[in-house]
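Got some structures for you, see below.
Two complexes follow with subunit A in common, the first pairing it with subunit B and the second with subunit C.
Entry: the complex of A and B
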């Protein structure tokens, strides 16, 4: 306790130096908090876009559908299934269950005028589809599908490429399950602009009732059963729970995260970058701490000699210096958290326009427009603890050096 | 001169203290060199891929083609100046002194069926003679040989796996010609290209230009001209030349776009160095904080001495000079150490490279041309830049404690040691 008081007094004795050295730590802490929030904010938007427009919380399909659609260029329409009543009731019993819809997905070439472009066609039942996905709320021209008829809804980027408007004609060419080329023709009934850029270019929506017979599949067949839950946090546990009840079934349930490899790897890379930067910041911070300890040891040589002569052990002096360094760490960490909190406050309230950096959609990240940094108190706690620990560890060597000085030399000097 | 001697002697008084200040400067200079070397190599290797494979230094297409490029349209071909054919246009462009060579290319979509699966790919018709002489293609051939003529194709390594084919095999490809009719043709695979970049290796195959023109029912036409100059730095001059030429020839429907504006990713990364400058500065400032606190302490410690000096007639400017010199020495020596270590480090990793799995996963999924292994770029420019940055910032920062020292009143200063 005495040591603690002594250390506290020493930290405040050289207020200027404490502030200067801790400002390195402040920078480190504030930068980390900002980066972390930026990262989490971006990933949050990305995953939300995936869930709302591409793969909802849980996706159920045949195991071989998942494996083949990953390694092949063409979606394996042959790997379809007809959902049994038992499966449907199992899904409905999931915790936080909200809605479910069946989707028949296949690859096709979208043709209009003299152009063609490979697309992913989603044959959907509009009623249930709209309970699970948000696409219909982002119609910018025309209407969403109405349940029957040969019309399609396309994304705005595709429409732009083809110079297509609502009411204009298209042809989609695909291979049916018999292996021969077949087509679906009709009018564009609607154009969507979703916040998920991929959907705006490569995905075409068509009524399942209309598409199924043309591909040659059974009326009720689907390739995926998409399930929406109340909360993202439930996705993983509920998809596992569903896997258990499926048992030996050839079907597999997976959460949105398992379906979004790209985002998961992007997230990992982002964290790696953030922590690498943090390590560099802390390295400089550690040098700062070492310098602070050495400076104050040189300055207080006499004092230390005196304390030693009066019977204070080397270990006490060691601890004294480590406590002082910890004190600088606490000051730096606290100030950094404070500044970080101010930054996050603005970031959280006003958001940050990602478009000033680059168009992320061009490299396939489903982010566009403004992102908002969330409050993540764990990050604050984590960085505070790290800074204090790093400060204390950095001080060990110089503190040892200071504690080992000969008391006689120390007092005798000058 | 004596000021330098005093400053130098003062620094040696407390070896450890000076050493730590040096360490701080060296560390931040090292960090700057490392980061710059990293960013530079990342952008340079990525830019080279884009220049070699996609955009040349300047790419000329028709306006419509640029707009609908993703659809690989065959409608918006270039047929040369006044429709005199693309080959004469290529020759005309190559007359220009700023042009080193020009590569005409035709891009088109094609498919092949393998088992139950349709494999989609992009074909590129290339001028074999030119690509063989200048291009980057020939270097990447991992097995087999470069295509020569007729129905020979060079296939990306990833695409090769999808096709389940081997060198020497024949494959039948299906494609739409310029009249929108579906056609097929059988090719022989004579070589495999392995560039290490999944976006290139997984979808692209190469075919001789005249074969492409023939099979697609094109005349002497190309979808794009990649124009190369002698160095990336002279892209601007080349661009200006090309634009003037296009205008003179009355070919205003042709669009000349430099590589660094052709793609938003490249655009952002070519601005990267400027964006990062703030980050580098931040690091150097952090290191400088250590120097400032050391100098501040030195000033305090030598208050009595400063008083003595000014009592003996040393002007406050000279006193300031002593401390600034001390800061300058720390800056120079620290930066020198940092640059030396940084130089060795970047030199080593410019050869060895290191591999980060998370980055590989990210780049293979993203639509970016980038190599999954990191190299650090070694350059004198980087070392000199970082050295100067370290020295200048540290010297500037030492003005603060130096100013404090110069402001001390001699009498107060002499009494300082008493309490």
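Entry: the complex of A and C
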């Protein structure tokens, strides 16, 4: 106990140095807390955007549809299927089931005026589509699809690209099931601006009833059956459960995480990067701690010598210096958490404009606009403990060096 | 009754051409309750001798025996344990712990002996500070004390664990003659009241006057040993 008191007083006595050394740790802690929150916030928004606008919790398609659509640029419209009643009732029995919708997806060139642009067309049933996806809530002009008309809904960036407005004329050219070119023509009925930047540029929505005969597929044919559940957490387990009931069926069910595997690996990279940066800061912090202990041992050579002359054991001196380093770690960790908390408070309340960094959609991350960092108290606790432990570990060698000093020096040095 | 015996003690520093023979065949016996000074010119070997007596160092040859224990041949951990319980040190430059109060500095010496009984610690520490006349100033830090007061704290710190032997290497070298007198008188009083054995080195004839035994050392040899 008295070692702890002595250590605390020494840390306080050298408060200037304590603050300088611990400021590196403060930086490491605050940086980690911010990055962690940024990561979690960004990934949360990204996954939410994927789920709400692109691939919901579970996506069911033919196995060969999944493999081929990943390989080629053209979506394999031939790999369609007609959902059986058995499948539909199995899906409805899933835990947390909310809604499902079938979509027919194919590649086309969107043409207007002198320009054309490759797009992904989603032929949808508006009623059920709107139970699963949120696109219709982000209409900025016109209306979302209704009935079975030839109109399309396009994203705002595509509209900007073609300088198109609601009511204006378009043509979509595609290869039908028989291998010959065909078109869908009509007027733009609505424009959406979703938080998912990809959707705003490359996806066009059209009524399935209108599109199916023009592609040459059956009225009920879909390429994917999209399922919405109550909660993201259920996605993996329910998609696995569905896989079990599908058995030898050529269909496959997968969760949004498998569909968005790029995001999943990006998430891992992000964490790796965060931890790498953290390790770098901690390394600098550890060097600071080492120099603090060395400096302190040099200044207090006589004091150490006196304590040893009085018979204090080397292990006690080792512990004293380790406690002092731990004290610097506690100061740095606590201040860092405090500053981190202030940063997160602002981040959480006012959000952070991601667009000032870069256009994330260009690297395939579906985020735009403001994101809000969540509070993650585990991150605070984790980093605090790490900083204190790193400080103590860094001090071991210089503390050993201090503890081995010759007590005779205390008497001789003046 | 003898407390400490040195037989044929040599101490050589360095190696080869750079060798310094700091002590050459010293024989010395210290009895319990002595108040002895070791004096001699600078470089004669006083500090070296006190370091050996205090188990801070080991002789190159010869034996140092403290109450049947061969302290000269112990390893450094055994020597530390021996010092912790049996030897009190008073240093020329006080060497108090700056972040601790006078009271806590004295308490420190007791705590490292492993005593946990806080009542006992409190009474021993206050008692000892009373003995050296510092009861009033016990909550001051070293930087709020004068040189003489600091050295009295150091005396209390050396004595609080009731060691068998107290060693002081030039304890008054940093003090003016009036305070030197105060400090040496406190030491003498402790010697009388507690029967603690004191060995101190000094240059100062006035301080030497207080000793009951005077050991003169020259070129690493005891040249004179007189009792009064």
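As a convention for this text, the second predicted complex is superposed on the first by the 396 of 414 C-alpha atoms of A that agree within 3 Å, B and C clash if a C-alpha of one lies under 4 Å from a C-alpha of the other, contacts with A are read in each partner's own complex, and residues count from 1 in each chain.
Rule of thumb we're sticking to: a residue touches a chain if its C-beta (ideal position, glycine included) is under 8 Å from a C-beta of that chain, and two chains touch if they have at least 3 such contacts.
As the structure is a computational prediction, the values presented were derived from the model and not from experiment.
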Touching A:9 in the superposition: subunit B (first), subunit C (second), both, neither? second
Quick check on the superposed pair: does A:161 touch subunit B, subunit C, both, or neither? Answer first, second, both or neither. first
More residues of subunit A are touched by which partner: subunit B or subunit C? B
Is A:376 touching the first partner subunit B, the second partner subunit C, both, or neither of them? neither
According to the stated criteria, A:298 is in contact with first (subunit B), second (subunit C), both, or neither; which is it? first
Give one of first, second, both or neither to describe whether A:283 is in contact with subunit B, with subunit C, with both, or with none. first
Touching partner for A:27 - first (subunit B), second (subunit C), both, neither: first
Would you sort A:316 into first (subunit B), second (subunit C), both or neither based on which partner it touches? second
Tell me which partner A:17 touches in the superposition: subunit B (first), subunit C (second), both or neither. first
Look at A:118 in the shared chain and tell me whether it touches subunit B only, subunit C only, both, or neither; answer first, second, both or neither. first
Residue overlap on subunit A between the subunit B interface and the subunit C interface none
So in the complex, the part of subunit A that touches subunit C is made up of which residues? 2, 6, 9-10, 12-13, 302-303, 305-314, 316, 407-408, 410-412, 414
Would you mind writing out the residues of subunit A in touch with subunit B in their complex? 16-17, 20-21, 23-24, 27, 31, 72-74, 76, 78, 107, 114-118, 161-162, 175, 179, 201, 261-262, 265-266, 268-269, 272, 280-281, 283-285, 287-288, 290-292, 294-295, 298-299, 357-359, 362-365, 401
Of all residues in subunit B, those that touch subunit A in their complex: 14, 16-17, 20-21, 23-24, 27-28, 31, 67-68, 70-71, 73, 75, 109, 116-120, 162, 176, 180, 263-265, 267-268, 282-283, 286-287, 289-290, 292-294, 296-297, 301, 356, 358-359, 361-362, 365-368
Going by the contact rule at the top, pick out the subunit C residues touching subunit A in the complex. 47, 51, 54, 56-57, 77, 80-85, 87, 89, 91-93, 95, 97-100, 107-109, 111-113, 157, 169
